[in-house]
Amino acid sequence: MANSEYGYVRNFEQGDALPPSNWIVVRIDGRGFSKLCKKYNFEKPNDRRALDLMNAVATEVVRSFVDIVLAYGQSDEYSFVFHESTGLFERRAAKLATSVATAFTAEYCMQWSTFLPDQPLARPYPTFDGRCVCYPKHSILRDYLCWRQADCHINNLYNTTFWNMVLKGGMSTTEAEQALKGTVSSDKNEILFSRFGINYNSEPEAYKKGTVVYRLYVKDSCVNGSLKPENTGDKVPDTASKTQLEKERKRKQKAQIVIDHPDIIGDAFWTAHPYILASKRGQDHGE
Amino acid sequence: MANSEYGYVRNFEQGDALPPSNWIVVRIDGRGFSKLCKKYNFEKPNDRRALDLMNAVATEVVRSFVDIVLAYGQSDEYSFVFHESTGLFERRAAKLATSVATAFTAEYCMQWSTFLPDQPLARPYPTFDGRCVCYPKHSILRDYLCWRQADCHINNLYNTTFWNMVLKGGMSTTEAEQALKGTVSSDKNEILFSRFGINYNSEPEAYKKGTVVYRLYVKDSCVNGSLKPENTGDKVPDTASKTQLEKERKRKQKAQIVIDHPDIIGDAFWTAHPYILASKRGQDHGE
Amino acid sequence: MANSEYGYVRNFEQGDALPPSNWIVVRIDGRGFSKLCKKYNFEKPNDRRALDLMNAVATEVVRSFVDIVLAYGQSDEYSFVFHESTGLFERRAAKLATSVATAFTAEYCMQWSTFLPDQPLARPYPTFDGRCVCYPKHSILRDYLCWRQADCHINNLYNTTFWNMVLKGGMSTTEAEQALKGTVSSDKNEILFSRFGINYNSEPEAYKKGTVVYRLYVKDSCVNGSLKPENTGDKVPDTASKTQLEKERKRKQKAQIVIDHPDIIGDAFWTAHPYILASKRGQDHGE
Amino acid sequence: MANSEYGYVRNFEQGDALPPSNWIVVRIDGRGFSKLCKKYNFEKPNDRRALDLMNAVATEVVRSFVDIVLAYGQSDEYSFVFHESTGLFERRAAKLATSVATAFTAEYCMQWSTFLPDQPLARPYPTFDGRCVCYPKHSILRDYLCWRQADCHINNLYNTTFWNMVLKGGMSTTEAEQALKGTVSSDKNEILFSRFGINYNSEPEAYKKGTVVYRLYVKDSCVNGSLKPENTGDKVPDTASKTQLEKERKRKQKAQIVIDHPDIIGDAFWTAHPYILASKRGQDHGE
């Protein structure tokens, strides 16, 4: 058959399965989003509607991939953490990265008009690149998340100061940039407070901490109904998610997907939600 | 600074630059499109509107990536061929695959209502996975494209026969499947002709051959206006594309993007468009 | 300069650095060793001299790579475990695999005449292939070592039974193979005992368990001289090894390299030598 | 069975098959050879015995891997070129690199005493690291070989000048290094001629060009016996090599392995030996 003559070209596909027992982070980043921000007049330093859109989109992505245990977002990026035991797409990197990135993109385009109704989308449409990174231990995965949250804090403090200097202080962007060169955190806090009467600590958690999206499980053992989900922030009610295993499916059905802005650098969040990074049955490797 | 404590996690990103001097094919495939076909009642064996949508989307993707020299599509898949010399995203596989796949997804979602106006999109929204494959010689790249076009022919002949047996012949899908087991091409041609009066050769080229999208260059040396683009099929007028090099940019500006359904297994198409797989200046490796 | 014209070919080298924080096993295997066994009339089922040669060679390899924390060998294979924090050769896989494999090969060829003085080496000379495998947790690394030791046991029990049936029982190799088909461990133990008076449990540990090579550290805190190395088996006195860090260097200087045949499936060995898989200072990832 | 509990660890081995239709170069480099040169008092700038040893070793490596079409060596490095169609070890990179590197190491150690009889080998024994690089076109492979030969020339001219300044000119190594800083080729030629009466062009080809090792095929069509191998330099008579295919085997049997020092930057060598980079039957990809 004609096809068999050419079928050899399949041999040029290189295997790209990620190694087992590693946490897989798929991080997506907006492509050319500084242009996009200008084009649609996003508010500076943070555009609430744009961030809400990002978070709503991430929630749908978490909903549709049951092996995602947590997502963390800030600015135009989102990190989706797949459980180290996931077998999705046989852990093939390209499949994972493109499936998450296109799901994010589709939702972003389709939900856009809900969050920014007066800004009809025009070409080039928003897109996101994506990549997979493997973390061999959950402690290193946590450091990854710390890295992103620390980055969020640093950028937000800078941007908040910068844009106040420009928008309220009447500086040009070049002047503000020059003025901030070499400053440390306390300098910026001081500028905000003394010049603009802003206590940075009172800024919204969503801006300072970024956003965490995760499933909230109600433990089976807590049947007296008194146990209420805690730390839930702006909850998004979740219905059912399909999973291969019926038991797991039922557990997922009981799960809400939560959007919150907790500190994830300290231990409190993780202690309160031990199941997020818990080993799957029979796969505890002593961590 | 807080960030430096966690910055080590960046070292876990593995390099994924594709080797130089290889043609890079990014192939995208619809995720779960058999479900999607049913959900939106796509016509069988081919839904013209859905194929037109795919081709319109592919055209925009070709337009936005100037290093794509040709795209080939059939059914719910599209292969985008980047020139072997491309330096886009430093040839990083994840960047290439996700950028193409999300651009395709965004266009597909946004153009949907133009092509299927009575079928509003509902969740789960259409998405596409993607992967990169490297081909070290243009002769092997051509075999790759032959493989896809031969596959298109085989599938279309089967599907055309199968759906005629079901829709016009009154067979159940199981009966049609059984009846076609073990048949060869000539058998299917015969069934189509004798039972349904269909000459397979007269079926639309778009169905039998799939679709090729490429830039049509008007050579600088042909300034007398007598040279008209040939083999252009359903032309889509193209305006300008940005490129790094001014000279290249101007050449691209003169280029139309063409949607056509030529045979790409034989030599005629390639002889007529020698520039598609031509080496870039100074990079001729003797092929 | 002439060289700059061609220097671009360096870009074809793909990065092959192994991911950080993974234990790296370099396993070497004798190439074509069944032929080699016949050529030099190795004793069946185990040739003591050949195994002693393997172990002496492995000891020199451990001595010369200070980041190897343990080596395990059986038959014609040896696994060298590099600490998860090693930065040797920037963790490049090809460098690690070839450096260990060639060091093993050179020692094997050079020490051959010491262990097999009446069997002069002739072409083709013994060589070893090698590969790197990453293990993200020490619990999985231990399972790797269990896998090799369980394999040693299974093979040795089979081979011991098989060769007794052939050499003492007068069976042909085909007859012995047939007779052993479908037997389980207890069957083989019974054959050995009832037909040949052999209690498998009394066979040498080196044959049943394979060989572990590791540095034995005398803790700094135990300076009164009363602490003696334990579980040392056939000790090979070690002198100094060079390391980058002076402190580490001194610690290595105090270390003997031990050749022993302990069970490494259970916990006892690991409990007795906690430093072998210990995290380096400041790199404890909670395992 | 015990083994099945641990067998999962095999899944951590990552595939490392090199892409098809690429020329594979395995380059080996002496590890720590500047120390080794001092230890064994190698002559400067070139030690004839050490180079002869390298070449004799390379010849045996070429002999034992029939898919090697050519080897090029200089100083303490050797590049072995596997035909783009090779299926050896299923093109697995680690297998290829370690098998070549250990074969080279074993031969080097075993042949050492033949070439340097008064310098008994002592620990640390000579070893070689190795790596695989893929070249997608033979024109790029030729550029790779040009790169190595140009490198040989540059280094040899420098070293010849440097060591004449030190050994005959009475300079210290530091003085010679300083004196040569910023000089170009013509400067070094002039220094050699005016100060030491050396015409660099008359230096041995082996030093200026490095060494090429390849099979010399006597074409079947030339049966009258009048055709003699040409460009053979220091021929090493070759007997038989085993190959899978009987026909190929016979062809190999007729092949001598040649050690020579030709220019491989120009076309003459390649025109005279067209079979070296010839495509295998049925695998001509138009290059």
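Letters A, B, C and D mark the chains in the order given here, with residues in each chain numbered from 1 onward.
The rule is short, and it goes like this: a residue touches a chain if its C-beta (ideal position, glycine included) is under 8 Å from a C-beta of that chain, and two chains touch if they have at least 3 such contacts.
Bear in mind that the values here come from a model prediction, so they are computed numbers and not experimental data.
Looking at which of B-C and A-C shares more C-beta pairs in contact, the answer is the pair A-C. When each chain is reduced to the average of its Cα atoms, B sits farthest from chain C.
With centres taken as mean Cα positions, chain D sits 32 Å from chain C. One finds 44 Å separating the Cα centroids of chain A and chain C. In whole angstrom, the spacing between the mean C-alpha positions of chain B and chain C is 52.
Within chain D, the positions touching two or more other chains are listed as 8, 12, 14, 19, 21, 134, 140. Partner chain C is touched in their complex by these residues of chain B: 8, 11-12, 14-15, 17, 19-21.
The residues of chain A lying in touch with chain C in their complex are 19, 21-22, 134, 136-140, 285-287. The touching residues of chain C, counted against chain D in their complex, run 1-3, 5-10, 12-14, 16, 28, 31, 60, 64, 93-95, 97-99, 101-107, 109-110, 121, 123-135, 140, 143-144, 146-147, 150-151, 153-154.
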